[in-house]
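This is the structure, below, for whatever I ask next.
Chains: A, B, C, D and E, in written order; residue numbering restarts at 1 for each.
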């Protein structure tokens, strides 16, 4: 296309380089789900509301200048601003919003499950009402996520976009969105190479504050290379996957920003028919006492935090660090003995991947060796990610381990999933009759809380109960981290799902 | 004396990839009687080995028959060889390749000892065989590579003898050997044939050697036999121009040295056999009639495949082109 | 090279030692040999007697690690100790060689034309066209039909006999004074051999070429050569005019060789093998190398290596007993 | 059982004994017929091979306990059966195995390699992107490796058992014993981390736009489009991976080259060449090299195939978006169309390389005809 | 994958060049031939044996030699080499020296198992195909083509990725990619024996086809494949390490050398984590390769130049 940048190469002011290891399958908001995709889609498509920097406590206006929630907690009204335009210059209207949200739901992509209870309608050109079939105070948060990005209905339809009920079959827009952007975000796609390099250019029709960098290049780079690159103190460059131990030893001039938003959890099947070991409460408690949470956290370097409850510290409702779990080998040993099944070994299934800068095999090995100190026998069983997920979905896996992220940045979102009747609990054989009624009650209290404060308190109570009565052991929280070169500002990590707002980054 | 081995109108053809049909043997009749040594001579590539392999049963003929002791020779296949036919044995050209390098000589000889011989007699038989070929019984313990070429060839003969053969086909058994070892092996073969009253088909390209041992000799040219007869007579009075050329080409040790006589041309490719008399392109006496193929017939005191055998018998037996005396 | 009076090649006291795995391996010992201009001299002997090594020594083509002592005078130049340049000049235009197996000695991937002319251009300083003209001439001389076409052909397109003729043409290309032919006909049929022998003899006559002809076939030796050396274990056992050596052998070894060969078309008689096996280099007995196999051996034969001395005009012998062999075979 | 199919076994004799051919008299049958048959046979073999590859990969992937939906949908989404069903329907995973297979074959016949589930792109276009990247590593590495190993191998052979020979053989042996991925890391450590002379991976610095896709090889495309600076940068990125691949290939090749050259040096025709009075240079250049090349070509072809697979690890370490990474990722994601695409492509390369070798044989060695 | 591609070793038997005619390897001189076989730098072979023996001892006596438990945390994470941990510690604070010592118990036996299985399976199939010939042979050859057409590491990768990483699956994958070489080598040896005079001779003596297979064919066709196997041992170590490096080898916490390299490769500043296991691999493979060369020289004097 252009050869101009050959000359203006080392100025570094016009191009922001983002080093990250990725496989981006799609830049279609309706299908996106992997982290880099989210980062990019967030920069390409504006949403109704958004979060400001790293603050995820409350959604703030974006395309909607305001929103109101109905008292029943099921219906939300968004009023659109009138100066927002798509990158072809046309105005953003309520019809576009309805089209986008319907398409999201009917496309049956990864996010469809989250929005399946929502429906949107336009009351006028500037007003959209989103209704949830069930009580859900978190609808605005959900609509802040990249998958809820708003497309120009006109452009989308021109290129095969569909929002009807059978959109999953008829929609043909997906691959077009890898080459062009039909959104209103600060950037548009310039070139897309799913595995090596994705380039964004500033949207010159952007309605808001123009981003500082004209061009953003996402380079596919493994962690080690990211570290090497950043160690060289480059200009206008950020790295997204440095985490855990790979953060140590970086030059001090680099800026780091992060917050612990992921949690690493062991799941122990509660059904004796699946495993007499993991369904044994004493054994589970013995394991819980045997683990060296500090040591586990240290595997993640500075970014790891020993788990206190379930909710990572990035989110409201997390237990204070003072309540972090601790190792108690004496207790572990006696519980192990008491359990009567300590002589049996059990397989720990985990995906053979590196996540957040740490090889999961290392964590599993640490768990194994800690358990061994209390006389508990664990065998490691790594599996390719596909086979891991498949097995675990089957609901017959006795003992498994994986990192977890929240679907959207509200801690309560995990509760429904983890409580008896939720998807994860189901797969772990944790049915209501196996569960402690108090724990179930505490969970229900979280879900019905309408007031944020009330919800936080309920969450904490729930977590305290979960520690000794659930089939989950949370090991550590880990933080995603944005490492930025010294000349940048605004490169802050957000637990909101899009890692960092590219458009906020500028040169000092 | 009835014939032990009868070959009738034998044909051997190959169909190598990328080339036309190779007619290596094109209708050969041959017989060997017990106690008789028959020599088969001819230039390289004329089909001697092809004939030998088919006669021994290593390959199936493309046409014609091979009878051994009245029974057709069964080509080797996924069966054991019929016991009766093990009395037809073969000795190969390469003494290095005809013994299994990884088994002791004794074990290989044992393979051939007939099943009828049992117990300690079997071992005794091996020792006996080794002695018979002039080797010590201790040789049985050793491996083939510990012997020289001549010794190996004698061991190969001993192995063939193990089966108490009535007929041995020897395909150039001494070509790879030194003159001295040649002498050893040839004398051994000859004495065995005489002692055991075996038949021997001795294949060679060395006319002088065949002359030393064969009772009868057949001269082969490009897949057919062009002349056959008692060796002495055949060499002294060759009738076919080709036999004459072969005889004339042997370098002699002599007090009046002369260069051997030269036959022009080359042995043609058996995939492109000339029409008519196949020797015609090289024959100094070729005339019009030679455009038709001659058959092997009695003429001028010999069995010869030449239209002009009688005429040529009248001329002195010399096809010299430039074999001038020095 | 200027024409010289006296012998063209005079080898005296030549010894060659190869580098064996267990130390030096003497393979040629105290060799005297002479070739006069225009003469065909033969070397005969069993396999392993050092015939080929002698030929290679004369061209400095021994394997690395070989040491050569003694003198080789060729056309007035001492060859022992010559440098690489010197050898390069001698090879091809002074001494040329024809190998036993022409199919192995011709490069399979170069055309006959290239192989025939490449050294002419450097050795004789001919232009491309002149070299080509000479090549055609040479091919005609060795009776290759259609020489132009042959120049474009590869060696594998020729029969064995033709290949040997090509090899001879290549050897003759730079007008050598001495041609060494190492068993050039051993791999060939008798009929083809006859042609090559006739060709060599003719070339000798026409080009005033000296030929050192190596063979183990005494018949060939007899028909082609005028003088002969009989080799055994890297030594000369006897030498003299071919007719004399072969009809009246002085050495028991020569006699044994003669007895072992089929006698052509004379009356049938049993072949007589030489007992034992040839000695290997490095394993020679202290005395006469042939002693262990010799039917006439005496104690004296074990005492030391018999000197190689003249016994009559033009004849030499290395045997202490000089038995009367007339009663023995031939 | 001897010679149950004699004509075949005998072919060796026929070629080993070409004595019977005399120029002008018995040339082999015209080349055109032979060539046709040769090409026909090659095409048939290739087709069979490709079919085999599809069956093999298909069965392999089906045997796996995993399911592609798992890696291509978020975990939350997987808990929603309607989403999973929609996904399976979209990719035809709900059909029976044979139906899936024949659908695939049918598409294949129409030149459609399917769509990669993990990248969402047509496999053919993915290959179009990744293959040139790999070739950009493999081709220079191969050329360099050939040049170096032929040079050093010949030198070692000529100086057999001398210090130079020992040194070359020693280095080759150590190279042969070095894990490629380890070497890549060590080299990266030295040249990037310690010395800072090399980039740390990738194909092009971020500040340059990749040249437009013509050949897909950045260096070539940059040159074609007249962008010397981008060309330099691409070249700079090539440096380390090519260095490592070259080193590995050289150590594989040298010993073969050396032994091939030794074999040649031992031939009579080399002695004969010296006997003609040719200089050592001429003999080595014209006679030895030429004859040694036949065997070098054989191993070079195979070395190329192994180089292609060697790149899997190297690409991993140097973040090189090539075929190896694509294959690795597809394998981990059980992305059937992509794995098949890679398999088919590599099998094609394999046959192609073999074909080229066959042709080269013919060019180098006149004895070998197309048969 | 590094190392001699196994296909090389198989097909590299030089296209039938004329046997050495020049310097007396005539049938008459068997002893000279044997003399030539021994022309070798024994020094290297001895060195290889010493290294291998050392590794074997290490493997056997690892529990005695290792200063620490290879699986347990015995120091801080990523401690650099010191008196307490000669080679430092890894990401879990495990002693690298101990892990390397124990690693020998994994890499070396597994390499042997891989090669042995490949030899057995490939050799067996090659034997049958070569001896029976016809369609059996043809189909086997097509099958080997199929395997050859895949770069070994990609095929092994697909297999282990599919069935999950474990030592067993890695071994199976590597056997799967390496048997064809043995099959081809044995087959071609069998083909040449099938047309050999000694086989014909024993058949003519009345030895049955299966008996001949046992007596004449098998003993004479194993040689080249044993040579190949010995040359492949080093390669097996490398391939195993490669798979492990990609996370497709023996499961953690097994101290597999390749996996150890991978653990360190994320962070070059902790150079000892990956550099040192690499050296362990290098020495073991080097020793195997040297030994393989020696075995080849010993069994196959014709190839002695190919060192």
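Everything below uses one rule, namely that a contact is a pair of C-beta atoms (placed from the backbone, for glycine too) under 8 Å apart; a residue touches a chain by one contact, two chains touch by 3 or more.
Bear in mind that the values here come from a model prediction, so they are computed numbers and not experimental data.
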| request: Count how many hops through touching chains it takes, at the least, to reach subunit D starting from subunit C. | output: 1
| note | By label, the chains that touch subunit A as well as subunit D are E
| query | Among the chains in this structure, which pair is joined by the largest number of C-beta pairs in contact? | reply | D-E
| remark: subunit A to subunit B, mean C-alpha position gap in Å, rounds to 89
| message | Could you work out how far the Cα centre of subunit B sits from that of subunit D, in whole Å? | response | 52
| Rounded Å distance between subunit B and subunit E, as computed from the means of their C-alpha atoms | 48
| Per-residue overlap in subunit C, given as positions that touch at least 2 other chains | 47, 101, 104, 159-160, 162, 277-278
| remark: Among subunit E residues, those touching two or more other chains are 18, 21-22, 26, 28-29, 161-162, 199-200, 203, 209, 265, 268-269
| said: Counting only residues that touch at least two other chains, what does the list for subunit A look like? | reply: 228, 384, 387
| note | Within their complex, subunit E touches subunit D through residues 1-5, 7-8, 11-12, 14-18, 20-22, 131, 133-134, 142-143, 145-146, 148-154, 157-159, 161-163, 191, 194-195, 199-200, 203, 209, 212, 234, 238, 241-242, 245-246, 258, 261, 264-265, 268-269, 271, 274-275, 278, 281-282, 285-286, 288-290, 303, 305-307
| In their complex, what parts of subunit D are in touch with subunit C? | 18-24, 160-161, 267-269, 271-280, 282, 286-287, 290-291, 294, 364-367
| request: Enumerate the contact residues on subunit E facing subunit A in the complex. | output: 71-73, 77-78, 91-92, 161-162, 164-165, 247-248, 251-253, 262-263, 265-269
| message | If we count contacts the way the header does, which residues on subunit B are in touch with subunit C in the complex? | response | 43-44, 148, 150, 178-184, 186-187, 190, 205-209, 211-213, 232, 235-236, 245-255, 257-263, 266-267, 322-323
| note | As the complex stands, subunit B meets subunit E at residues 56-58, 76-81, 83, 86, 88-90, 92-103, 107-108, 111-112, 145-150, 152, 156, 159-160, 162-163, 176-178, 181
